[in-house]
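Chains: A, B, C, D and E, in written order; residue numbering restarts at 1 for each.
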């Protein structure tokens, strides 16, 4: 079954959201999501690196020998990360300072290597680029949402603008380490709730498909009660 | 110019040293890996259901790799034909069809047909209640109905409705998890193509069976007389079908005065399901 | 005698309503139903047929397997039928149904056995049909058939730690002299130097009585036990009386002890003097809805409903009937079961007592650990059982549980801990079996391989030799 | 460097600046391998070794090769290559000599390559301008900090593994909440080392 | 034959049980907390009762609501939520805004307890985590202490110019100010969190619990003993250290929480000693004046390890080894 281009693009945003569903790249997400602006910044960096590396890797997939593919991927990714790092240093020093060590750590972000191995390695350049953009957007979205929640509750601001800080004191624990884990856990639970609910519905035996229906006295549309 | 040369040279040199070291290490400390087993394992669904008779997917893969001639490639029931073909391809053998199997409960005694003779209070599992006078039901051979099988099923294919375990044949893959936990041993794993089954396991005499359950085989032997293929016999006070002889004609079912012989609809083709949940 | 240290246990409400009541024989019922398996081990085969006339004490079932006890008729009358149905053990068993004639003629075979040696004594013990009357129903002839010199202490178990039951107490008051005589006989033939009678301190009159009888004698002493459940459990009473630990999988004889219930020794003594085998059983009939709670002597095979009727019937709607005490006794689904050799009480309760409390979550309070006489951790075992974690079950010594019920009694969350542990034990035993089978299969395979290799080698050698 | 300063670096990396619980580095193995204490400890030892060795290799590279040549920006690429090679070596070594541990660590050994804690500690050593000895101490401390976090969390996991979670919180979500509570207790020690060592 | 009775109740032995159940245990804990509440009402005024009631009600509500959302059986009947609420309230300054206290209740009941499956399945004490979350999240209100006329003269003297906000004895000790007398510390006419001021009242509650066999004295004794011994070694006044801050409340009511403490007595002693050591370390060195809650939380987290090294030994097994 071939996926349409649109499907590839949207796949990463919701259905296979890299952070919440695949649980990849947790470290930087947790660390930088204290401010919404950082979430967007980090997301953008990941988006760029992911897309570029996906393109290059899928373009080079025929040339790279299978046995040394992982080191090659890492080198390609590290190159783009260095580029992004230099660009940030030059044009957005504040963001660079805020993200700090987590920019070089994009190299070891499992999302990028994971997509290189799982997708770019097997698909065309265009598809890979779309996948990179989709996954990058998914990452950005998650990081930003998480950062917004933590910033809003933890410091009463949003993108640096004061929202509720004057109304009541912010619950600062949310911008600290425990808050990060907690908000992340809750977001994953939310996604679980949204996706697993459907699966469960499918599993319920409907009476009419039940082979015991012919001798069951309680045949009804919704399946029998336990 | 040197601004470009130095980083490039540096990286190349470092990479070269690292790769040289690695190559050496790999050479001197190599451990043979069974690539075949890994490849086969990747094909298996990962439900670790044990339907193949091995202690899980890893074990089956290892056994296949170690002894490709002795171990059959079509043992993975949940994986069905697709997996069998893939394994055969890896091993360079001809693909064998998987005999599709489903679970079948040898009991028809739901709450309407039979009743309990004690007020059991305690752990609600079949294995637990079996300790007390063989279960709360009037019939000591039939389904207890506390759903040990339901909890054991990784596919949600068996459910207790109205005090009786029932299999959804469309979902069931015949892994046998339910059969292994059933304390009454009334769940069989049978070929899906066999469609006629006796829904009773009672070893009591007809009179006692009737007393305990209105949906029990009374051993009247009408089915035995009706069968043209000598496929059904009353053994141990209940009818038993010999699957090798049964032709799915269903004549016995029509004749059965207690209606405990069931004819199931034609088997459907089952899609290959990879069970991520069971694996994690 | 005791080492000052005690095993843990729980304090239970004694509810000994029938304390001080004498044991009154019950008139024979219309029919008795005697199952062929009233002991641990191989079931007996009927040696009478339908229509035969039997007398009291006549052998009606026997078995040639060593681990078994013969079965005697408890009444005189005619064998009405021999049927298969479920007994109170939950097993389908062969039952001899005897319609009584009310005459209670004694069989001609009932004569005191002649004993000249240890072997004769063991044979006589078997002929008495005695099993452990405390509830374990282990054939007594097997228990007493120890290696000479292995056992140095005979413990008479008069603890009777279960609530409600007073029948052993009553028997001790009535037959103390016979019990002491019985002990001396056993000690004589089995060459046991020391006898200890363990009695819980809530029976001061029984202790006084024994002390009076034993005044001046040195071979037998009375050990006063604390009022802590389960003093009557074999492992606990051995420790409390001798300070020896009996660990799981060992027999009391391994630590030099034989433990016998007071009534077992009494019945043995009666058999040795009169020749009358075990045909009646002392029972406490009690419970909050029994009209006339009392201690009765009941012919084995009497239906429980007949027995209840004899005790004045019930005053309320019965919801639960227990065979044995409330701590370890079994609840039965209906009352048409026959009394077996191992029963010692029939307790009937109504809704108020019987309703099972709802189970809640374990709060890790440690009361089960504090109450376990075996020093186990029931809460951990329960958890490991829930997870089906067999390694953890072994690690926490699941097999050492003796199912005394202290953990479940003291659990504030009302968890059925001992029942879960019981099932966990089954799980571990099944796993052991599987492992053993696997090991055997592997060994067989290995052996086959070796044999094959050997054969191949031999063939190659032969070939080589041929070539030469 | 005085002994107290050395202790300060190690202890602060373990307690107050714990890599896992306050810097969010190495979360993947922290969540993945902490189910069983044995595996957690094996993984932790592997991480300590990789961290120390990686620092021992990367610090000289940065100081003597990259910086003098003015190509400090090559840091990321070079470091990751070196670390990848190191991890590969350790994997080969384990496979050969400690196969049981290799089997237990399973897929997580290759993941040390992409364990951000390792690269993170190398980069942070440079960023903080530690000298060689300080860098080694910091790496060791960070590794031990990772171990402590793993040890604590493995206990928690063993206790809550078979809990009856709400449907949505089954799996990783509840683990994260548990990690959140675990990380709370480390906050209590803030300021402690400064006071003890007078810094 | 006599009347037959069928369909009787069949269940596993034992058929009798100890009348103590979870609810009675929790109720005893609530009763044991009443003396402390009485003292704090005397010291802080009626708001102490108000705070306690609001926290207890919030906890019960959250418990009920989360069970409802999870479609599980309602468990508010076991009193455990009330205990959590009351203990959490005891850990807060009396002037704390109510909405903040309710957030603490949310953390305690929903995050710490119900997400992990409810009573018995949490690995950390709900009240402790609730308190720490508030302490870190709302640092200022959690360390703002109002002064009332019933307090020790030393506290009133130490209070600021406005004579409304004061400091706890521990903060005063940290700052080197004049301290209340040990008698005042013991009786509780001092400043601090709502329920932790009166060592005497807490002690009465503790003795009640020990007498009722609700708690074993192992943890409180080990905890308080360690604090006393360590303060002697460190050169502090042991009576002051034991009576100040949350040691009494923590040792008697929070560290003894069954669910999050070891199950064996030896494990409980290790647990208590660990709590004491960490408390004193934090008091003496860390930037927070009080370390009881962090100490208990850390030991909660270590409990599984303590449990695994202090498993009860089987009777008679050593003997078997000797025989061999």
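Some notes on this structure:
The criterion applied here is as follows: contacts are C-beta pairs under 8 Å (C-beta built on N, C-alpha and C of every residue); 3 or more make two chains touch, one makes a residue touch a chain.
Note that the structure is predicted; figures quoted are calculated from it, not measured.
Looking at chain B and chain C, the chains that touch each of them are D, E.
Among the other chains, B has the CA centre that is most remote from the centre of chain E.
Of all chains, the one whose CA centroid is most distant from that of chain D is C. Just count the C-beta contacts per chain pair and the biggest one is C-E.
Between chain A and chain D, the centres computed from C-alpha atoms are 23 Å apart.
Chain C and chain D, compared by their mean Cα positions, are separated by 60 Å.
In this assembly, the C-alpha centroid of chain B lies 51 Å from the C-alpha centroid of chain E. Measuring from the averaged C-alpha position of chain A to that of chain B gives a distance of 37 Å. Under the contact definition stated at the top, the residues of chain A that touch 2 or more other chains are 71, 75, 176, 178, 182.
Within chain B, the positions touching two or more other chains are listed as 15, 19, 117-119, 121-123, 128, 131-133, 136.
Residues of chain C in contact with at least two other chains: 319, 331-334, 355-356, 416, 419, 422. On the side of chain C, the complex with chain D involves touching residues 383, 386-387.
Contacts from chain D toward chain B in the complex involve residues 61, 65-66, 69, 71, 74, 77-78, 81-82, 84-85, 88-89, 92-93, 95-97, 99, 171.
Per the touch definition, chain B reaches chain C in the complex via residues 117-119, 121-123, 127-128, 131-134, 136, 140.
The touching residues of chain D, counted against chain C in their complex, run 162. Of all residues in chain E, those touching chain C in their complex are 1-18, 20-22, 24-25, 75, 78, 80, 118-121, 216, 258-261, 263-264, 311-317, 319-320.
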